[in-house]
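Dropping the structures in below, format is C-alpha cells.
Two complexes come next, and they have one chain in common, subunit A, joined by subunit B in the first and subunit C in the second.
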Partner chain A sequence: MTLLIYGIINSVILALYALGFSLCYGISGIANFAHGAFYILSGFVAWNFMNAAGLPFYLAAVLAVAVTGLLGFLFYWALLLRIRGVPLAELIVTFAAGVGMLELLMWRGFYGMRYSLPLFVRGGVEIGPVAVDYQRLCVLTTGVVLVVLLWFFVHHTRIGLAFRAMAQNERTALSIGVESDWIGSLSLALGSALAAVAAMVVLPLGMMESAIGLEVLIYALAVAIVGGLESTVGMVAGSFIIGFGQVAVARYISAKWMIIAPLAAIVLVLVIKPSGLFGKFKELEERV
Partner chain B sequence: MKKHLFVTALAVLFVSGPIFFPVGDALAAEPVIIGVPTSLYTPFGSYGLKAVELAVEEINAQGGVTVGDEKRPFKVVVADTRGGEPGTPVHDALMAYEKLITSEKPHAIVIGAFRSEVLIAAMDLVAKYKVPHLGTIAQTPRFQAQFKSDPAKYKYLFRVTTDALVDANYIAHTLDLLKTDYGLNKILYIYQDTLWAEAFAGLMRKHCGETGWTEVGYEPYAAGASDFSPAFSKAKENQAQVLAMVWDVPLGAGVFAKQYVAMKVPALLIGFIPPMGSPMAVKAVGPEVEYSITVEFPVGATLALAKLPKTGEFLDKFARKYGELPEPPAVNSSAYDAVFVLAQAIERAGSLDPDKLVTALEQTDYRGVSGRIRFDENHVMVFGETSPDETGVCVVFQWQKGSDGQLKRVPVYPAFLAEGPIQLPPWMKK
Partner chain C sequence: MVATSVHRRKKRLDRGIKARTDTIFLIASWKDMLYLLLPRMLPVAILLVLPVLVKGYWGKVLVYACIYGLLALSWDFMAAGGLFSLGQALFFGLGAYLAGILNYYLHLPPVVTVPAATLGGGLLSAALLGSVVRLKGVYFAMITLMLPLLFKKVIETTGAFGGTHGLPSLTPFPSELLTAYLAVGGFLGSLFIFRRVINSDYGLVLRAIKDDDRAVMSGAINIYGRKIQAIFISGAVGSFAGALMTHYYQFLGMSVFALDYSILPVAAVALGGQGTFAGAAMGSLILVPLSESLRALGGLRIAIYCGILIVSIIGFPEGLFHYLARKYHQFERVVEVK
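After this line comes the complex of A and B, so read on.
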C-alpha cells in the first residue's frame, strides 16, 4: 500500500518536474536546459516576495509563477532568437544560462537550511495504514489538474491549436500565419511558468537550495528520454516508470540505489527504443 | 646644537615608534597568511570562514601574532573548492586546494576540506607542500587511519574538531538514557551514504547491538535522496520507537524532517539532523520539531550554553560582527579556536618554518570555545564527555516547550551541560 501511494505521489512529482520541459520541447523543439534553474529561481522569487515584501504565500506564489513565465518569455527573445533552429547551440546556451542562474543564486547566499516555503495546509490523512500529508495530496491534485488543463488548452484554444500546428510542422504553420518566434517565446514562457507551478507545490515538502535546480533538470531529462521527448503521454508514462522504479528499488534492494532507477531506465530505453517509449521524432530513422 | 637636538629627537622617535604604535607597525609587517580552501556555499564553509575572520580581527587588533621578535598580522586568503556540493568531483576540489597553496603560499591552512573524501585525497597534497593544516569540517575516522600509515609524511595535518565517532558516541550515550529511563529498545537507522555518516551510523549500530537494542532497519540513502517514505514505512510497520538519523545535505535533511512529521511516524527522532537543530527549525520545519533530539559538535557552534559562558561570548561577538547567528550544520567554534591555536603555536615556535610549527602544534594546550584543545598521537583533537577543562566537548539537546509555551533547545546530555531531562512525547508514554 505504501509502495502504491508513494509510488504515485513520487511519479506525479516527476511529472511536474518534466511537464514544462516536455511541453516546451514538443512545441518549439527547444530543449530548455535552464528548466531546473527556472524551477528553483521561482522558489526564491516567492520566498523574497514573502520575506522581503511581506506578501502572503498564495499571492507570492502566483506572482512568482507570473515572474518566472515572463523571464522565460524574455529568455527566448534575449538569448535564443538568433540561434533558433540550431539545436546544439540552443542546448549550449540554455545550459550555460541555467548554470549561470544557479551560480547567481548561490552567490546571493541562497544555500543552506534557512530557506523554505510554507505548506499549503498542515496535517494529513490516513489512507488505510499509510499516512499521507495534505501537501502531497496537493501535489497529486495539481499534477492531475495541470495535465487536464494543458490538454484542454492545446485542443480548444487558438494559441493551443497554434502550438500544435508548430509541433506538427513548423513550415506549414508559418504558411497559415502562425508566427514562429511568438509561439517559440510563448512556449518558453509556458514551460517556465509550469516549472514555477511545480516548484510552488513541491518545494514546501523540504528546504530550498540552489543545487536543486540541477536535480530537477536531471529528472526532467530522464522522464523525457524514457517517455519520448515531445510526447505528453510518454512524459506521464516515463514519470510513473521512474517513480515506481525508485520506490521499488528502495523497498526491495536498498534506498541508496534509488538514484540508479532513472539511470537504468534511460540506458534501457536508449538501447531498446532511442526515441523514447512514446517518441515519434526518430521513429522512422530507427525503423530504417 | 639645534641640529643635534633635531637628530636626537628623530632617533628617539625612530627607536620608540614601535612602542607607541605597535599595532600600526605589526600591520605594516609582512603578514602571516592563513589559507582557507573550503566549500563556501555551505553553512560549514561560509560560517567557518566568518569565524576565522572574527578571530583574525581580534588577534590583529592586539597587534598580530609574534613571530620570533616581530609582531605580524594575519591575512586570510580564500579558495572555494565547491567540495560540499553534490556533483563536484574530488579532483576539482583538489585543484582548488593546490592552486591556493601554490599561488598564495599560505603559512598554514585552516578549515580545509568539507567532504571527507576530499580531505583524504588532500592529505598527500598537504604533505607534499608541507603546509600545517588545521582541519575543522571533514569528520571521517579514516583520517586517523591514513595518518597512522605514515605519521612522518602526514605530520602537517591536524584536526581541530570532532570526528564522526565522537558525535556518534554522544548520541549513543543519549540512547542509553532513553533505554534506561524510558525502556525504549527498538531502533531504525537512516543515514546518508557518505564516509563520515557511515562511520557515525556504524558506531551507533555497534553500541546499540551491544546494549540490547533491537534493530528494525539500517537504511543508507544516496546523498541526493528526496523521499524517505520507504524507511518511514518500515519504521511504522516494525514499530520502531527511535529513529536514528545522520544527514548533512540540506535538500535531503529538509525533506526528511518534514516527511517525518507528515507521515506521523510514532518514533522519537534522534541523531545529527541539521534542520531540526537549527534555531530556525520551528519556522522552517514546523512546531512538530518538539521532542526531536540532535547533537551539536563541538559546543558553541550555534547554541549558547548557560554552563559554558565562552559559547555565549563567542556567539555574541559573532552576532555583533555579522548581524546574524550561525546556522547548523556549522563547526564555526572550531574554526574560531583553530586560529588561536595556530597563533599560539607560531609564538611557541618563534618561526613559520612548517616543521617547527608542527612541533609547536603538537604541544598545544589551549582552552577555547569548544573546550580544552590538545592533540593525540594522530593529531586529532581529544574529545570527552566529562569536562571542558579536560577535553573538547559536544552537547545533545532536545526541542522542548518552555514554561512560556515557546519551543526552545534544551541541553540534555552530558550531565554537566544538561539544563533538563529528556522528555518523551505524550503519545509514547506508557
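After this line comes the complex of A and C, so read on.
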C-alpha cells in the first residue's frame, strides 16, 4: 500500500519535472537543457517576492510562474533565435545557459536551510495504513490537472493546434500562416512556466538549493528517453515506470540505490525498444 | 566635386603556394617551407620548452592547461564521429578513480597505474556507452550528461572508495618536471595522432558516420562498432588525463565527476573551432590560463566558461582556429565593385 501511494506520488513529481521539457521539445524541437535551472530559479524568485517584497505566498507563486515564463520567452529571442535549427548548438547553448544560471545562483549564496517555500496546507491524512500529508496530495492533484489541461489546450485551442502543427511539420505549418519563431518562443515560455508550476508545488516538500536544478534536469531527461518525447502518454508512462522503480528499489534494496532506477530503466528500454516506449516512427529515425 | 558613392568589397585570394585544394601545397623554396612549418612547429617548440622555463604556480597552470586540453581533444575526436558528449567528466572520473584505487588499495606505483587507468578507463567508457551508441545527437548527449552525475551520486550515497572524503595521500610523480613533460607529451602526442588519424581512411569513415550514417551502413560498415571504437579511444585519452591529475593532486575525490570537466572541453572546442583538433588545443591553451587569472572571482568561474561558450557559439560559430587559418592562407584587399 505504501509502495502504491508513494509510487504514484513520486511518479507524478517526475511527470511534473518532465512536462515542460517534453512539451517544449515536442513542439519546437528545442531540447531545453536549461529546464532544471528555470525550475530552481522560479523557486528563488518566489522566495524573494515573499521575503524581500513581503508578498503572501500565493501571490508570490503566481508572480514567479509569470516571471519564469517571461524569462523563457526572452531566452528564445535573445539566444536561441540565431542558432535555430542547429540542434547541437541549441543543446550546448541551453545547457551552458542553464549551468551558468545555477552557478550564478550558487554564487549569490542561494543554498542552505533558510531557503524553503511554505506548504500550501499543513497536516495530513491517513489512507488506510499509510499517512500522507496534504502537500503531497496537492502535488498529485496539480499533476493530474495540468496533464488534463494541457491535453485540452493542445487539442482544442487555436494556439494549441498551432503548436501541434509545428510539431508535425514546420514547413507546412509556416505555409498556412503559423509563425514559427513566435510559436517557438511561446513553447519555451510555456515550458519554463510549467517548470515553475512544478517548482511551486514540489519545492515546499524539501529545501531549495541550486544543485537540485541538475537533478530535475536528469529526471526530466530520463523520463523523456524512457517514454519517448513528444507523446504525452509516453511521458506519463515513463514517469510511472521510473517513479515506481525508484520507490521499489528504495523499499526492497536500499534508499542509497534509488538513483540507479532511472539509469536501469533507460538501458532496458533502449535495448528492448530504442524509440522509447511510446515513441513514434519519426522519432525512431531521429534517435537511432 | 560630385559625390559619387563608391561601393567597395573585400577580395580574398589564396596565396600562391596553395594549389587547388586545402591540403596540397606547392613547395618551391625555403620560404615556402617555413611558411608551412612555422605555424606547426612554433607552438610545439614553445610547449616543449615551457616546462623548463616556467616553474611554480604557472607551471601548475601549464599542466592544467594540458590536462584540460586532452579532454578537449577527446571531445573533438568523438564529435568528429558524430558523438556529441556533454559528459567528458565521465572519462576523466573513470581514469582518476581507477588510478586512485589501484594506488591506494594495491599500492601500485604511477608507472603501473597510469597506463592501467588509461586502458581500463577506455574499456569501461566503451562498455558503459556501448549500450547507448545507437542513439544520435541530442539523445546521446542526454545520456552522457547523466552518467557522470549519476556516478557522483552513487559514490556520494554508498560511500564507496572513500565516499565524500576521497582517498588522500596518493603517490606523487617523482618530479615536477616529469609531470609537466608527461602532460605536455600526452597532449602533443594525442594532438598529432588525432590529426593524422582523422585524415586517414579510418577517420574518413568516422566523419562519414557523422555526415550520413545510413550511407556508411549501406557500404557494409558496422557503424556501431566504429562508434564504440571511437568512444574507446576518446575515453582512453580522457582517462589518461584523469589519472595524471590524480597523481598530480595526490588526492582523489568525487569532484573528478564535476561539471567543470564536462563544460570546459566543450567551451574550449567552441572557442577554438571544431574538427581540426588544433582548434581544441588552442581553445584550452587560451581558456585555462584565462580562468586561472580570473581565480579571484572564485565560484563564478564556471559561469564565465558558460558565458564564453554561449558567446562563441552564437557570435563566432566558425571558431578562432578556422578564422586564423583563413587569414593566414589568404590575401585580402579592398576593391571597387563595378
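The rule is simple: the second predicted complex is superposed on the first by the 280 of 288 C-alpha atoms of A that agree within 3 Å, B and C clash if a C-alpha of one lies under 4 Å from a C-alpha of the other, contacts with A are read in each partner's own complex, and residues count from 1 in each chain.
Quick note on the criterion: a residue touches a chain if its C-beta (ideal position, glycine included) is under 8 Å from a C-beta of that chain, and two chains touch if they have at least 3 such contacts.
Note that the structure is predicted; figures quoted are calculated from it, not measured.
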{"item": "Overlay on subunit A: subunit C relative to subunit B, clash or fit", "value": "clash"}
{"item": "Contacts of A:Ile259 with subunit B and subunit C, given as first, second, both or neither", "value": "both"}
{"item": "Touching partner for A:Val267 - first (subunit B), second (subunit C), both, neither", "value": "second"}
{"item": "Touching partner for A:Met106 - first (subunit B), second (subunit C), both, neither", "value": "both"}
{"item": "Partner chain in contact with A:His156 - subunit B first, subunit C second, else both or neither", "value": "neither"}
{"item": "Which of subunit B and subunit C A:Arg171 touches, first, second, both or neither", "value": "neither"}
{"item": "Listed stretches 38-46, 110-118, 236-244 or 254-262 of subunit C, narrowed to the one that overlaps subunit B", "value": "254-262"}
{"item": "Subunit C-contacting residues of subunit A that also contact subunit B", "value": "106, 214, 256-257, 259"}
{"item": "Residues of subunit C defined as touching subunit A within the complex", "value": "84, 86, 131-132, 134-139, 141-143, 145-147, 149-150, 153-154, 157-158, 259, 263, 266-267, 270, 298-300, 302-303, 305-307, 309-310, 313-314, 317"}
{"item": "Residues on subunit B engaged by subunit A in the complex (per definition of touch)", "value": "41-43, 46, 85-87, 193, 219-222, 224-231, 233, 236, 250-259, 261-264, 274-275, 278, 280, 284-286, 327-328"}
{"item": "In the complex with subunit C, residue positions of subunit A that touch it", "value": "31, 33, 79, 82-83, 87-89, 91-93, 95-97, 99-100, 103-104, 106-107, 214, 217-218, 221-222, 224-225, 256-257, 259-260, 262-263, 266-267, 270-271, 274, 286-288"}
{"item": "Subunit B partner contacts - residues on subunit A that touch it in the complex", "value": "2-3, 6, 10, 106, 111-114, 116, 119, 122, 124, 129-133, 135-136, 204-212, 214-215, 246-247, 250-251, 254-259"}
